[in-house]
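Pasting a structure below so you can have a look.
In order of appearance the chains are A, B, C and D, and numbering begins at 1 in each one.
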Amino acid sequence: MSIRVTIWNEYVHEKSRPEAAALYPCGIHAFLRDVLKSEEIEVTTATLEEPEQGLPDAVLENTDVLIWWGHVKHQLVADELVEKIEKRVHEGMGMIFLHSAHKSKPFCRIIGTTGNLTWGREQRCVLWNLMPTHPIAKGVPAHFELREELYSEPFFVPKPDDLIFCTWYEDGNLFRGGMTYTRGLGKIFYFHPGHEICNSYYDKNVQQVLKNAVAWCAPTRYEGFDISKCHKQTEPIL
Amino acid sequence: MSIRVTIWNEYVHEKSRPEAAALYPCGIHAFLRDVLKSEEIEVTTATLEEPEQGLPDAVLENTDVLIWWGHVKHQLVADELVEKIEKRVHEGMGMIFLHSAHKSKPFCRIIGTTGNLTWGREQRCVLWNLMPTHPIAKGVPAHFELREELYSEPFFVPKPDDLIFCTWYEDGNLFRGGMTYTRGLGKIFYFHPGHEICNSYYDKNVQQVLKNAVAWCAPTRYEGFDISKCHKQTEPIL
Amino acid sequence: MSIRVTIWNEYVHEKSRPEAAALYPCGIHAFLRDVLKSEEIEVTTATLEEPEQGLPDAVLENTDVLIWWGHVKHQLVADELVEKIEKRVHEGMGMIFLHSAHKSKPFCRIIGTTGNLTWGREQRCVLWNLMPTHPIAKGVPAHFELREELYSEPFFVPKPDDLIFCTWYEDGNLFRGGMTYTRGLGKIFYFHPGHEICNSYYDKNVQQVLKNAVAWCAPTRYEGFDISKCHKQTEPIL
Amino acid sequence: MSIRVTIWNEYVHEKSRPEAAALYPCGIHAFLRDVLKSEEIEVTTATLEEPEQGLPDAVLENTDVLIWWGHVKHQLVADELVEKIEKRVHEGMGMIFLHSAHKSKPFCRIIGTTGNLTWGREQRCVLWNLMPTHPIAKGVPAHFELREELYSEPFFVPKPDDLIFCTWYEDGNLFRGGMTYTRGLGKIFYFHPGHEICNSYYDKNVQQVLKNAVAWCAPTRYEGFDISKCHKQTEPIL
């Protein structure tokens, strides 16, 4: 059975900044759809301007892995939608937060963080693969280079389950840029590349990481876990 | 300099259930105050019925470690107060959640969880010390016994930084009942004993854990971390 | 391509204790071979009494996942063999240690532990699934029951990467009985069931865990990691 | 009661390389002794050339925290001594491994690693403080600069309990250079600064980290844990 991915994008820069439009003429969501879709992965896209901000219940309930790209319109995302997304993650929906989604409402709410960090100019950076044994790092070399917006420590996030990638920047900074979390039954991956005027999503290593992450975040079927009744009184089991 | 602890209690059962009143005639908050106060620890108490739900800004801003006991009145705690508490934790205030606080608004919001678990009748339980090297376990034996309300897995919380205590129950259940988390600069400890009609807070091992936890949760002075400006643009550091 | 599993067994009890012989007439290794072999898993067995203690270089170098069962003959395992096994794990071979292998030479050497624990009589026990999102827990219910030899905390092992199962015992004890580690590029799983006179390997949940563990421990192909040259001097990469 | 620290140094470079002799005329051990000794910390030094390689039983048994600096003479350290050190760590002795001790016999044996990494020329580096809440990071700024020998990922060590410092290098590399582990009851800290011809031990941040690490690694008194009898049969505890 294929994994049902929904890619959500606020879809602003690609219509307003020429450099972004040149790279992603139909939007980052459409570009990533073409990268990810395969026999194993079925992709739907959604944007902020669509009805119900792109995520009506019928879409959310039929999503295995939700990918999130947002930047300047974080505050427009409805609190009710954030709550629904959080509920779905607790039930097992996987979630991949890209780039500036570190400061999105769903990220901060689900992870439990301000998402605060330090940022700076675009520059050369090197992503170091610290955990080659992790499924998300499969086929990814020990290090590879990108040109990206600087994201730097201190990054005020909880200790991750696994720190997979840490990124070096020309300016003397580094950033924990590829990390996993679990919340409820949902598996979550944060990955920093994807500034709207950088071409990171064209990079084959970035694409490999995203494909690996979709497979890793996909929910297991939890036999014997009755999630809809997970807060309950019990009788002696012996 | 002493650690400034504030103990917050919803303070309902001790006025309505005779068994609770017999154990804690002035409230769990008052009892714990007497347990904790010392040359190193200065204690204030606060209850739900007090003005501003016991935690006006002046109190919250002068609290190093906030201890939370709540059960049947979780929903009455104001969302604005929860936000202020979360902000203080991110700035470095320590927090200890006791017993049914696993389902309190501050716990669920700060940790990022539903707090869902399974519960049952009071019974014999054995707390196992899985991490004798942790400061919170200092002086605590390999195992000790209590009579407590059953709290059982599945407990839908994020992977803790450290799992210090895991509790065995007569009925065949077990529970990760002593765990640490970090959120922002705040250190957090969850500890399950403290059902209102059980005498766990009289137990010397429980008291030792609480004293240790206050010392461990107390904020370090973070020189060189400008918390008030922690989300900011930067210039090259080299 | 199928996963090449080698099951190593000291193979003593099944020839000397009638209760063990009744359960596992051809040895635990042969029984587990029949449990595990499938289109995806190819199984070889090896025992202590065979030439080169069952693990000549040609076998070890063609093993993706090594399963180890030992108890009373730990000290007979050659130090040279232990070194070869450790080297293979560092290169990426997965390893599953069963039951009393917690005190085997390869476990203690590879993990970095004395393997010390407390043990006791056979009794009812309940395995609790603390990490339903982990691939090793796939399809395993929230809890299931076995009859097993008591293994109890304190268990002096390093903090695991993931604590998947924790076991409750009738006598009041508990035990971290299903845990993962990474050493070098090798993924390792310890799982406590399998006392020679208990029928745990007939249990469908135990069998499911073992199949899951083989799949999880199997080495990834590490492109871009030149393991044979992993301690080396480097030139500037930029 | 003060913490009893023993600083062990192979003491070779300071007698053979003029640059090292200029920085540390009486040896790195003597220099660090002067840095660390205080009312709370009592320091003894030991070197490879001394009788029993500087660590007779009487010294080892009266050491709370052992600091280790070695580089070109790793292979001369006696296997029997390594075993004794490992035993002491399991009993609770803390241990701090500095710089090239990542490839020393005690580090590899106790941690369970090859210690393999990539190295290169001396250069500017920036140490980033990823865990300001950890006692070892107390008083250390978000980042500080040194000139050091390049140590780079991939570093084939087990996942640390806590990753406190990660270091950026001019050449495009990074390195997990400040990490904690627990083995048995012993707390362990690895810290990369300290190349013999660099002046890192003169740096006030490095000195602060070392003082913090000594305090953190010091053994707790484990009441109720009978370490000398930690592998034993038990009777029902209820």
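Convention: contacts are C-beta pairs under 8 Å (C-beta built on N, C-alpha and C of every residue); 3 or more make two chains touch, one makes a residue touch a chain.
These numbers come from a predicted model, not from an experiment.
Asks: Using mean Cα positions as chain centres, tell me which chain lies farthest from subunit D.
Replies: Farthest by centroid: A.
Asks: Going by the touch criterion at the top, tell me which pair is linked by more C-beta contacts: C-D or B-D.
Replies: Result: the pair with more contacts is C-D.
Asks: State, to the nearest whole Å, the distance from the C-alpha centre of subunit B to the C-alpha centre of subunit D.
Replies: One centre to the other, that is 34 Å.
Asks: On a C-alpha centroid basis, what's the spacing between subunit C and subunit D, in Å?
Replies: 31
Asks: Hey, what residues on subunit D touch two or more of the other chains?
Replies: 126, 129, 132, 142-143, 154, 159, 172-173, 182, 185, 225, 237-238
Asks: Which of the residues in subunit C come into contact with subunit D in the complex?
Replies: 90, 103, 109-120, 150, 152, 154, 156, 158-159, 161, 171-173, 181-185, 225, 230-238
Asks: In the complex of these two chains, what residues of subunit A are touching subunit C?
Replies: 92, 124, 126, 129, 132-133, 135, 138-143, 145, 182, 185-187, 220-225, 237-238
Asks: Using the touch definition up top, name the residues of subunit B that touch subunit C in the complex.
Replies: On the subunit B side, the touching residues are 126, 128-132, 142-143, 153-154, 159, 162-163, 166, 168-169, 172-174, 176.
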